[in-house]
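Here come two complexes built around chain A, the first alongside chain B, the second alongside chain C.
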Partner chain A sequence: MAQARPATLARDLATRAPPPPVPREATAAALLAALAASLPFLLGWLSIAANRLVSPRPVSLPLHGGTGLGAACFVLGCLGVALLARRRSLLPWAEVTAGLALLALLATLGLGAGAALDGGARLARAAPGAGFWLAALSLLLSAGCCAAGRDAAREGEAAGATPTRFLAVAVPGIVLLVASGVLDPLSLMREAASRGPELQAALWRHALLAAGALALAGLVAVPLSLLALRRPRLEAALMALANGLQVVPSIALFGLLMAPLAGLAAVWPALRGWGIGGIGAAPAVIGISAYLLLPLAAGLLSGLRQAPADILDAARGQGMGEGAILRHIRLPLGAGAMLGGLRTAAVQAVGLATLAALVGAGGLGAIVFQGIGQLAADLILLGVLPVVGLSLCIDAALAAAQAALAPAGRRG
Partner chain B sequence: MRLPRRAVPLLAQAAAFLLALWAAPHLGALWGAPFPDVQRPVWDQRGWFALLGAHLMLSVGAVVIAAALGLGGGILATRGQGRLRPLLDALFALAQSVPPIAAIALALPLLGFGAAPTMLALVLYACLPVLRGTVAGLDGVAPAVLDAARGTGMGAARVLWQVELPLAAPVILSGLRVAVVLSIATAAVGAMAGAECLGTPIVVGLANNNGAYVLQGGLFTAWLALLADRALALLAR
Partner chain C sequence: MIRFDRVTKRYGHRAVVDSVSLEVRKGGLCVLLGESGSGKSTLMRMVNRMVEPDAGRVMLDGTDIANVPPESLRHGIGYVIQSVGLFPHWRVADNIATVPRLLGWDAARVASRVDALLQLVGLPPEDFRARYPHELSGGQAQRIGLARALAADPPVLLMDEPFSALDPGIRRGLQVALRRIHAETAKTILFVTHDVEEALLLADELAVMQDGRLLAHGRPAEVLRRDADPVVKRLFGEATLAFHRLGTLRAANAARPASATQPAEAQLPILPPDSNLKQALMLMLESGTDQVALPGGATLHLSDILAAA
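This part shows the complex of A and B:
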């Protein structure tokens, strides 16, 4: 090896091998990274209000000590994203660096808020400024660009732009930052600390509502899709129903479900014991699952149809029954497409569960609506940020599972 | 202009919808029947036609802005060597994983309450199907057609205007249809943020435990969304 290296070096120099082409994603990723690096400085990192009642005003960050170090790390991270994105093989590392830059941004914000509030009154509240939010969004999109390039290299086409690696770095990092107490000076974290148990209960309730709706929709969609595979008229009816439901606004559907469920509970009071009534989890879970029917059924049917006709013919010729064909051919070949349907449905379930609070079913939406009622921005964010985080994580996890399944499906 | 035969049932449905809106305040017995406990079952806080007008202003206004943004963005993204395409891919992936309700709620602290945050969220979400349709439609134009157009001496602007856009129009229109339906349906959620629309009776009814209000608001919001979907399906043909 040691002897071969000078030889290749000499050959490279002799032939003047052109540098590897810059991936198409480099421009967009660099543009977004530059935007992320400059926005906090242009639009402000922090806004501080003297108390809860007055409106906040942007303040400049005291850029010395830990805060200055954090800001320097953040800018260097953004620069790193732009540079690493220029090589296709380094795109995954650019994505990881974007995650690290986000963590540096957050740490800077926490340290800066601590320094800015140090001399102030105890009632003063520090919130992230517009520059922070837009920088975080730019970093997320920049990571998405890198992910799109990575997938394009592997799949031959843009399979998606879900920043799996970015989230794999950022989510544990944010948990560590929160646990370490760096972010405690922010009013959002104070709000979270004062509502700890309530927030935790709401998070579980939210996940339970979404999972329940997903399970209910699956119970309807799986048998109907299997039946519809051979019955075109049933398929047309199923798809017309699922598409029609999609058009009905969710808030209207929840409202419309309350009347019949309240009626049912009035006729058979025993149902109330099961938790079924006009108010509560029943209309929410039924309403959410109605919207999941379309992605689940469409994903299942397209998955079941992935197997080419000649393979199915060969299997039938060997004497395989329909059950065996389903288990050994249709399911392994269609797993990727089915997982895609599940992914869309799961993300929608998490989002729609926010509206469940409207019909008294609780969940994170209850915190959001409480915040809207009190005109309290921190409370709204406290409810919304976990919803956004949950849907981003579920989407990324299922996207990773889909990517892992895709080659296996092709081999089969 | 001759009225196409297919439009007749649609016009009849629209007339029925308007008639129902007009009759709603006089149908107290109907709205009150499923909710014997409710004292005032008839929604009378604001006229139905005013709510309908506000709802349409909000959603159609958002779609007009979104169409301009989406069309412009889609054309820009397909020029050059597609350097901005990855940005669009990232944007689509993000929008798919963040629910619109969360976007409206996130916009609230930034823009205050009322129609503004709803409008912003509506524009953002209605923009995506138009953008997607524009990019897909322009991508679908065969390279040979473009070559032929350039060969006849057409400039880039004329190729875009006279060849690419007409060929891509059906796909762009289907994206626009998705945007309109999405916008009308999501505008109802804006009632929670204080935007006045057909969703307002739902939110007021839920807050005051008045199921009859919820029933009326839900019925008319769903009806309007279904009507708009039918109308656009007719246009796209």
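This part shows the complex of A and C:
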């Protein structure tokens, strides 16, 4: 017996299953996190300009006190991501840690800017340096990789890999940092403070434009998709139209809409009272909704077609009418695909609404174009960052809804 | 009960069902047998208007079904298909309750009906009620499919190759269950299959189709006559036709009654009750005798079998 043991032990070692392979996404997440940790030190945290008009130049971060602590937290966080990403089961935690690292990065930046400006000229402005931006981007990508690796580990459908955990940490954290005033020394926040009400109004306007376009596209796409389900020729026409509209450049489309809408408003002045005219919200909303037709209609039709033929045959054979089949079979089984289309369309709507400013519809695009006109990078960012944030939040919310609405019988 | 009156269905120029007349009596189990593409499924699907005939009419209990709205017609006809088609996002109980709910039954009635049906198809209700279809084996799923078809107690059941996708052992179990359920409920059943053994096991009446035409119709023994249509012979296998025919004949009908002059020999092997001649022949081959005894005391000789066949 005693002699047999080493032999079995050796056999055990030889036959022991190798540890589950680490998904490629996790390796990428770890590399990106390591890169993020080094980037601010290599390319600079902060740049300072004497006033709003001269170009900023990089300055070194005063790494003592709160700033040093923040930087240490940031580096530790990045290391944590790299270490946690080595185990597939720990990937969600790596994603959360990436969010925490981003918050530490931001806090360090705010504290550092405060320290660097302390005693400086009142007009001096501190902006994040290239290292900060690239580190923030690397962390976001790293979190995305974690989410993708986590979804790949789960059998079956990949739910688009939105880093929901990262966002769940980062978004409230950023709100908290902004509210606490840590970021106030940054030029971006000064710009925001001086334009507070304007920014808020633009954000609402932007959301309203996007929602309006989405609603209008839905009003067209939903009935047409339902009709197209039974009429192949209508489907071909609908998809050809939706595809064709994608080819028209958006600014050209807005421009094309201006003339007929202005004409309409001239014929029926009452329309002006409704805000319909050649300039303003009307051409913007109509133009944006034209681009949303394709993702919406494609998502709806593929959702309506999710139910397999044998299930539809069984439903009809039992005497379910087409309405009952739609309610009880097609909608529940296709909800995931439909929400997928809605998700694409909503994100696209938020992005396209930026261009609405070009036809005088306002929104965050107005701030962006103002910034471009003034060559003021902070102002451009002030318009762009809320657009990015809005897109990410909408995408994450709809992804969560998609996961929650997966048909009960199909849930793993 | 179900009467097809010279029904025809064409797809393009091809007649998938070509002027077929057929009557299925009330409470009968009629098996439509044919190779794939023979039109048997199309003919069956005319009964619940899943297919509309181009010519002719289908009568159900004396009513032309063309005058009955498809939905209400289908509520009164159970429908079982090969792929089962359970709704994947509904639990077993909800799947079975489909038609009763469409008919607006109240919840208590639906629940007790679901449990009764699960019992009927041989699945313990407390174990299966709350399962999702993906938690069922193929055989269990088709039993649920059968329960669903019977839910609103329809007088007619249409079954389109319901057991063809199942393993042989599971299939046998379901065939036995169907015979039992047919005996208990006296439904009129139209059963489509391409499986000869299954057809002979289940059929009260057999209808053989080929190229959209009805080749033969009647009790299995009549369909398998010596002078049967060549296509029928080919379908059942020319070499084994006689053997199949033995399977359709009851042993009791060919046996010699017990007589005082010729007392039954005690050591003869005993044939189980309700056996057919095929089983009698198998028993003779097995025990190496040319006589077997029937439970009532009658005896069956090898020559009787030859005479009957």
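What we mean here is this: the second predicted complex is superposed on the first by the 381 of 412 C-alpha atoms of A that agree within 3 Å, B and C clash if a C-alpha of one lies under 4 Å from a C-alpha of the other, contacts with A are read in each partner's own complex, and residues count from 1 in each chain.
In the analysis below, contacts are C-beta pairs under 8 Å (C-beta built on N, C-alpha and C of every residue); 3 or more make two chains touch, one makes a residue touch a chain.
Treat the numbers as computed from the prediction; the structure is a model and nothing was measured.
**Q** After the alignment on chain A, I want to confirm one thing: do chain B and chain C clash, or do they fit together?
**A** With chain A as the common anchor, chain B and chain C both fit in the superposed model.
**Q** When the two structures are overlaid on chain A, which partner does A:D310 contact: first (chain B), second (chain C), both, or neither?
**A** second
**Q** Name the contact category of A:V171: first (chain B only), second (chain C only), both, or neither.
**A** neither
**Q** Once both structures are overlaid, what angle do chain B and chain C make about chain A, taking C-alpha centres and a multiple of 10 degrees?
**A** Value: 90 degrees, nearest 10.
**Q** Tell me which partner A:L216 touches in the superposition: chain B (first), chain C (second), both or neither.
**A** After superposing on A, A:L216 lies clear of both chain B and chain C.
**Q** Counting residues of chain A in contact, which comes out ahead: chain B or chain C?
**A** B
**Q** Could you say whether A:L358 touches chain B, chain C, both of them, or neither, answering first, second, both or neither?
**A** So A:L358 only meets chain B here.
**Q** With both complexes superposed on chain A, which partner does A:L405 reach: first (chain B), second (chain C), both or neither?
**A** A:L405: touches no partner chain.
**Q** Between chain B and chain C, what is the tightest CA to CA spacing in Å in the combined model?
**A** The answer for the closest chain B-chain C C-alpha pair is 29 Å.
**Q** Quick check on the output: what are the common chain A residues between the chain B footprint and the chain C footprint?
**A** Chain A residues touching both partners: none found.
**Q** Mind listing the chain A positions that touch chain B in their complex?
**A** It comes out as residues 24-25, 27-29, 31-32, 130, 133, 140-145, 147-149, 158, 160-163, 244, 247-256, 258-259, 262-263, 278, 344, 347-348, 350-352, 354-355, 358-359, 365, 368-369, 372, 375, 377, 380-381, 383-384, 387-388, 391-392, 395-396.
**Q** Which residues, counting only chain B, touch chain A once they are in their complex?
**A** Those residues of chain B that touch chain A are 34-35, 81-87, 89-94, 96-102, 105-106, 108-110, 113, 181, 184-186, 188-189, 191-193, 199, 202-203, 205-206, 211, 214-215, 217-219, 221-222, 225-226, 229.
**Q** Which residues of chain C touch chain A in their complex?
**A** So the residues of chain C touching chain A come out as 48, 50, 70-75, 79, 81, 83-91, 98-99, 102, 132-134, 145, 148-149, 158.
**Q** Applying the document's contact rule, which stretches of chain A touch chain C when the two form their complex?
**A** For chain A paired with chain C, touching residues are 310-311, 313-321, 324, 328-329, 332-333, 407-410.
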